[in-house]
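The two complexes that follow have subunit A in common; it is paired with subunit B in the first and with subunit C in the second.
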Partner chain A sequence: MINKSTQKLDNIEGYREIDITVFRYSSQVKDSKPEFQTYRLVETPGMTLYIALIKIWSTMDHHLSFDFVCRAGICGSCSMVVNGKPRLACKTRTNEFEDGKITLLPLPTFKHIKDLSVDTGNWMNAMSKQMESWIHTKEVTDISAIEKPIEPDVAQAVFDLDRCIECGICLASCSTKIMREDFVGAVGINRTARFAIDPHDERTDEEFYELIGDDEGVFGCMSLMGCEDHCPKDLPLQSKIAYMRRKMVKV
Partner chain B sequence: MKIIYTDALIVGGGLAGLRSAIAARDKGLDTIVISMVPVKRSHSAAAQGGMQASLGNSVKGEGDNEDVHFADTVKGSDWGCDQDVARMFVTTAPKAIRELAAWGVPWNRIGKGPREVIINGEKETIVEKDEAHGLINARDFGGTKKWRTCYTSDATGHTMLYAVANEALKRDIEIHDRKEAISIIHENGICSGVVARDLITGELIAYVARGTMIATGGYGRIYKQSTNAIICKGIGIAIALETGIVSLGNMEAVQFHPTPIVPSGILLTEGCRGDGGVLRDKDGYRFMPDYEPEKKELASRDVVSRRMIEHIRKGKGVKSPYGDHLWLDISILGREHIEKNLHDIQDISKTFNGIDPADEGEKGWMPVLPMQHYSMGGIRVKPTGESTGMKGLFCAGEAACWDLHGFNRLGGNSVSEAVVAGMIVGEYFANYCVETHLQTNTFTIQRFLESQKAYLQEILSYDGGRNIFDIKDRMRTIMQEKVGVFRNGKDLTDAVNELEDLLKMVKEITVTDKALCNNPELNEVYRVTKMLKLALCVAKGALERTESRGAHFREDFTKRDDENWLKRTIATWTNPNDTMPTLSYEEIDINKMEMPPAFRGYGKKGAIILNPLSEKREEEIAKIKESLGEVDRFTVQEAIMPFDLQKEYKRKNERVGVGYD
Partner chain C sequence: MSQKESTVELLTGKDCEGKKSRIPAKLDWLQSVTGLFLALFITFHILFESSILFGKEAMYKLTKMFEGEPFIEGGEPLIITALAFVIFSMFIFHAFLAMRKFPDSYTEYQRYRTHRKLLKHSDTNLWFIQITTGFAMFFLGSIHLYMMMAEPEKIGPYASSDRIFSDWMWPMYLLLLISVVLHSWVGVYRLIIKWGWFDGKDPRKNRKRSKMIIKTLIALYLLLGLASLTAYMKIGYEHQDDYGSRYISENHK
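And then the complex of A and B:
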């Protein structure tokens, strides 16, 4: 089924039409059946999938569900599968696709909500708890006193790993995750690496081993590196998984 | 009927909400945070450039302290802020940042010795002290006397939010996401929770608590062009307004940021200019020094935004299919600096505009134009964060008007306010929850639940054929065109009238899908209705305020008028069937000020109608100082304007080289 866009442009000459095919299904509606729906719309200059989906939703199909928050590649809400690859929709330009045909699927491995909307939040919170994603220290900080000095390069290295936005794309690109439901994925392993190099955190390698020293953790990774290939923040996931694995082997 | 009971209920999972939740949990309270989105997706994450705190570690921050941060904040607010609150804030900010450092926020740290920086478009070498090595660094930001904005590259809000959210998880604070509060449960002037809607199942849930905190952020999305995330619709503020007894403060105080990128409206941090970036016009000319010889690109945001539009109106804008814009040039900072400290900016510019800002010369210039960015107005609360109109209802962060920012917020003071308010207000809120017991009953709760159920059914029964999306678009266009950077009586009158018509028109729509769950169109109807009420508060407040102060600029009343307008606009919605807010005013008392109104040091000169009380108060302060003789700055401050703050937060802050002085 093709819905014709009702949008009016002052000058549509020179702009091509694109077809966006979207997976539709609602777990809340009893007789809902998974199906695809195609929308045809005029591609405006600089169009992203965010702009395109908002256009479809506000002018062609008010029932379509998807998740956007920041629309700037910062918050990690809008991960979905775009022509077979997991990506942030807000950072995907429609003009990348030469034939003008784009198919969108919800992000796999997470609980499906409706259409392109999936529940990443609760999974990520559970992962953060499982990895004990906070500073472990016996030191009591006096917040009125001068802070503990940290080497600038070390702070920068922690920041580089702290840039993860929990978008879930590493898990959606991961072959291990398909086989092992409880695999913590690159997001979880990277998180432990982030705390392992943070001088505020007093945890030992033995303690990190308790968190990731098994097949659900760092030894489950088959090194296919779909995570690093697709990470929208270009995190060095391959080297950090290797880093934690080397540490864990020694325990 | 689904009821969830807790001790402390927090609506909104950004920095202010989560830090408040920690304050409550640490007192042993059962604490629940409800949020429209997974909490780590909150708009706090989008704060880029940094957090102000007067640590004074860097050589460019030497001499900084609470007094300097206070003065900058008051001037920035154009004397609209509550100076007690500003004092509470600047005293706690250094503690907030040190707490966050201990929680693992990887603040950029100082390396001792020489380093090259760009100041006023020129390369300069500064030398950092040995004893500052490894301490938290700071960059320059607009409207500040010292380099005071601490940062983690240009992803400061993200690292702060993750640290605070993870601390909340550590404490087993319950987080219920995809829940939207749509009504406040209250009786006899006391709040006892909210009615929330499960955005997946559509189920209505009553969250009942001893105390309730709203921390839902701003209302930027009532404008067509905004840097705000699409969730920043002000719903939390609107449900407070709809109680009829909670009032909103200074809703017309809306900030326009000078440098969102065109056309997407995604923010390019003030850090771009703080680090040495400059603004250029169609001829490549750097125009800001002509308008603001002293602060140049780093005057306060309201001033820079106006100067940019002024320059475009002179025909100096760059023509584009999206209207005229100007250029932001950071290429002069060099590729290495950009890739390390403005990484996300480079990514945004490359992705959305195909421009690598590190490319030298014209090629790397980014198109920018002032757009809506921040809501200074919000739920009017006391310095404790409790609503002036309802007991047990607290508010913190951008949603609140307690009132730290007056008519203009300084860059770097927003995430800073969010965590600081989370600490201070969070503590007052937690104490309230400890001391108070539920005074509601299931009859009242059911009444509120059923009224919301009936309201949603009513929406589905509307059958006038109109489309809610058209109404929303029109609202956002009106706000953009008539309640923007430059305002005037005629446009504002049109805006108020048209917005009122739109509000009435909501009842003439038809919702195509009649489902109560998973129906994004239904969500849009009640949200747009609430947004229209807020838009009316903004437009009406702006129309009535016949002066120019901070971000509120009237072309027909170009002066700041301290004689008549040194007051806060208070808006209420007294009757649910009203189509217009009721406005009243709250005087700001010069006689109690530590810093009486004067010229800000930037912006147009001679554009102030001073209140004679300013001079009188200056004399009074001089006398107080004289009578004190040789005493430290804390004693002087306390004598001029004593303020209340929790003991733990009022303690003196230690600094390199000066200790606790």
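And then the complex of A and C:
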């Protein structure tokens, strides 16, 4: 069944109609059966998937669930699978799909909540704790003093890895993660790399080995580069995973 | 590792000092080392095998060289047996290590397969080629290597061609050629990415460059291998009435 938008704007000539097919399922409801539902709506100029989904939600189906916060590619909440590729919905324009047919799925590998909504937050929180994602130092911090300076190039490299928005797209693009639930993925390995290159952190390679030195960590990675090729923030995952692998194999 | 240490790891996932095992690091490194060794071997093997394109005499002389003829009169095929044994051992060890990465249950395979089809991602597809060709070579590679170990004296312009054509080994060699060329070069590409060998200042650009070079090498080696196989087939076809007779070097005529 195709639901149709009833907005007045739909009558404007020259705008094409697009079909958005959405995975519908509620893991919280016992009798819920997975199905695909198609919504037909008029594509407006500059329309993103965020705008399209809001339009569906407000004019056609108030029961449709999906996650958004910032709408600007910063919060990482709106990641979903768009025609097979994990992407941020707020950064995906509908006009890039020439045939006007878009299929949306929730991100695999995360706990499914309802329709396009998944729980990335709890997984990311657990990963952060598992990777001990904080500066480890014996130095007592004096917050009234200026922080220990580091080379600008090093600071830039640390900031570069800190740009991760924990959207989960690297995990949803990774065959290892798809097969092996316990794999920590590029997001976890990137996190250790961020602290490994930060001179404020005094951890040794032996200590980092305790975090990622197994098949659930860096040695589980098969270098298929789904993470690198789909990361919406263009993080240097390829080179940083290789960097941590080289370090860990020498321990 | 002692029984006590193994038991502690079984129960805690760590060693007696409370540290993670170093074995996963060693296995990962060894998988790469054995793979690289085998890929290098294949690179030269296919080149040497193509000596038949320069004529029977060229192939004969190369075969005898590998049998140590400059030092041993008439050559010693047992050298080939020893070489094949080393390669076979390395091959089995590499297969043992690489098997860790295979999907090992219906669930893993189903999830991998469906995800791969949805994602349509080139490097993920390349890995599918690697596991498929790797699986095929468990059998194809073993047949070839065992034959080389057991009958090392049956290598030569006529002996090899008879085996390929009259003994109907060509379908096996054709499949083995395709599998080994794809598996080796895709494996080398994977090693380049995995260890960041040629990352340089622009890892992304160098990855694209590496992939392009690897694709070219795959095409070249497939062409070279197919040309050699065709040459052996032609010689085998022409020699079928004298099946079993050996090539006599022009120097000995």
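The definition used in the following text is that the second predicted complex is superposed on the first by the 249 of 251 C-alpha atoms of A that agree within 3 Å, B and C clash if a C-alpha of one lies under 4 Å from a C-alpha of the other, contacts with A are read in each partner's own complex, and residues count from 1 in each chain.
Criterion: contacts are C-beta pairs under 8 Å (C-beta built on N, C-alpha and C of every residue); 3 or more make two chains touch, one makes a residue touch a chain.
These numbers were taken from a predicted model, which means no experiment stands behind them.
Applying the stated contact rule after C-alpha superposition, one finds that A:Lys85 touches subunit C and leaves subunit B untouched.
Once chain A of one complex is fitted onto chain A of the other, the partner contacts of A:Glu43 are absent, as it touches neither subunit B nor subunit C. Contact with subunit B, but none with subunit C, is seen for A:Pro152 once the two complexes are overlaid on the shared chain. Of the two partner chains placed by superposition, only subunit C is touched by A:Leu224; subunit B is not. Comparing subunit B with subunit C, the partner in contact with more residues of subunit A is B. When both complexes are aligned on chain A by C-alpha atoms, no subunit A residue touches subunit B in the first and subunit C in the second.
By the touch criterion given at the top, residues 81, 84-85, 105, 108, 173, 175, 178-180, 206, 209-210, 213-215, 219, 221-226, 228-230, 236, 238-239, 242-243, 245-246, 248-249, 251 of subunit A touch subunit C in their complex. Residues of subunit C touching subunit A in their complex: 19-22, 24-25, 27-29, 100-101, 103, 108, 111-112, 115-121, 123-124, 126-127, 190, 193-196, 199, 203-204, 207.
Partner subunit A is touched in their complex by these residues of subunit B: 37-43, 45-46, 55, 94-99, 101-104, 106-111, 133-137, 152-153, 155, 158-159, 162-163, 165-167, 169-170, 175, 177-178, 200-202, 229-231, 263-264, 266-267, 321, 340, 344, 347-348, 351-353, 469, 512-513, 515, 517-521, 524, 651-656, 660.
Looking at the complex, you find that subunit A touches subunit B at residues 26, 28-29, 45-46, 48, 57-59, 62-65, 67-77, 91, 93, 113-114, 119-122, 124-125, 128-129, 132-135, 137, 139, 141, 143-152, 155-156, 158-159, 162-163, 165-166, 195, 198, 200-201.
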